[in-house]
Amino acid sequence: MPEPTLIHTRAVTIEWGDCDPAGIVFYPRYFAMFDASTAALFQAALGMPKIRWTKHYNMLGIPMVDTRAKFHIPSAYGDEVTIESRVTEFRRSSFDVAHRLLKGAALAVEATETRVWTARDAESGRIRASAIPAEVVAAFAR
Amino acid sequence: MPEPTLIHTRAVTIEWGDCDPAGIVFYPRYFAMFDASTAALFQAALGMPKIRWTKHYNMLGIPMVDTRAKFHIPSAYGDEVTIESRVTEFRRSSFDVAHRLLKGAALAVEATETRVWTARDAESGRIRASAIPAEVVAAFAR
Amino acid sequence: MPEPTLIHTRAVTIEWGDCDPAGIVFYPRYFAMFDASTAALFQAALGMPKIRWTKHYNMLGIPMVDTRAKFHIPSAYGDEVTIESRVTEFRRSSFDVAHRLLKGAALAVEATETRVWTARDAESGRIRASAIPAEVVAAFAR
Amino acid sequence: MPEPTLIHTRAVTIEWGDCDPAGIVFYPRYFAMFDASTAALFQAALGMPKIRWTKHYNMLGIPMVDTRAKFHIPSAYGDEVTIESRVTEFRRSSFDVAHRLLKGAALAVEATETRVWTARDAESGRIRASAIPAEVVAAFAR
């Protein structure tokens, strides 16, 4: 398979409502940010938003099966951070994503995800892992 | 129509993650609590969870069209509060819900909702407001 | 008092995680968006983020006392919407904000807020409503 | 150190607002549930809610430094699930927590956390990792 090389970067402003009584980001909110970053990465690769590429490839989504995050530096509301996201490996029907959340040049949070390309079986109607189309894999190799 | 008289009460513990850097509930979280309370009220009236009564009545849900909340007393994480919920009026395809969030005997938050009974039109497939079944209205009159 | 005239507009992308099983925005999320819009409006007026102007004016925040939203058109993930926000009235220690969420030219959601300028009393240490500084009011009249 | 043996179990109802357009729990919500479960575990061990034991031990909280979750079986709104939580290891100033989210007897989600016992340094005022009191460790050994 072609190596995924695309990196997507987006700026995020930490909002008051992202933060907890300690004044720092409530960590489940980081996972919501990373989920949106994965969606933005796929949109950048495939040239259309998630709501359209799921229809285009006749699939249901890319549910998470395993995710991990390490929190090195806290962020507070008003902070402007950057999230860099890329696919690190495509397999037959699953793939890995890595995110780096940066405060300036400092690595504040890093996360990894394993997700599955999921479709509804045409015959049984059941939800199942499905082969990732070659053109999807190719779209990340640039 | 029979008068709705059912009142549903549930206890809620305010969690760390519900609260903001001021240490009090981030107010959008109250709306999520009230949405869950309306679901609990309907479950109590109809004797089945939302995921089942939406299928039973072949409808899509009860989307919000208008909601208002007044915040009298803040709550902090660890607080145990009570939410009292009831339908105040059923109309043909819309209805009103009122919530009272209590800290002990004190009224901390009050909210009102107007929602619409929504189904997919059998012929056109379009989403539209639909008449609330008489047996649903009757289920709240007890 | 000078009339508040400043209007702040920001673009928001509706994310997968903002949406519910009906595929549309879970309405409590709109309130979080509006809270961030009010923060952005104050940042535009005062020239510094909330974390700094709360310190600059030695106050605690602008807690919500009353908010209402009307939902005219649903939004789905992938939608790009615009939120227009402005203060509609300043009073001694409270003020009103209005938000309009637009999908293209269509008004999808409208909301109003009443908030209170809140400080800690220098003597008693208690949290109380406090007079809004004239320079804050003036900053919105442009 | 005494071995932590306390297991805390709590029931959680999956709400409409916890779920995404695929109709299943939006995975960042699981982390919010686990954070509340860790708080409930500490409350069970220490006999007081988090807002009190943080004051009692003069500390700031137990921020997350590393968390991982594996998602085996999805849950939909209306599902009643159980979360079992326990400390798996205490070290000088950090500790590990494990959560198991069960649907009936089936393991649906499992998660691990590493958190740090955090206090404000009495002299410098800086936030730093602090030794976990022996009586806290002892409270989990029963």
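Order as written gives the chain letters A, B, C and D; numbering starts at 1 within each chain.
One rule holds for everything that comes next: a residue touches a chain if its C-beta (ideal position, glycine included) is under 8 Å from a C-beta of that chain, and two chains touch if they have at least 3 such contacts.
What you see is a predicted model; the values in this text were computed from it and never measured.
The greater number of contacting C-beta pairs, out of the two interfaces B-D and A-B, is seen for B-D.
Chain centre most remote from that of chain C: D (centre = mean of CA atoms).
Averaging C-alpha coordinates per chain places the centre of chain B 25 Å away from that of chain C.
Per-chain Cα centroids separate chain A from chain B by 33 Å. Put simply, the C-alpha centre of chain B and that of chain D have 29 angstrom between them. The multi-chain contact residues of chain A, meaning those touching 2 or more other chains, are 16-17, 22, 26, 28, 32, 35, 76-77.
Within the complex formed with chain B, the chain D residues making contact are 13, 15-17, 32, 35-36, 39, 49-52, 76-78. Residue ranges of chain A in contact with chain D, taken from their complex: 22, 24, 26-29, 31-32, 35, 60-61, 63-72, 74.
If you check the complex, the residues on chain A that touch chain B are 16-17, 19-23, 26, 28, 76-77.
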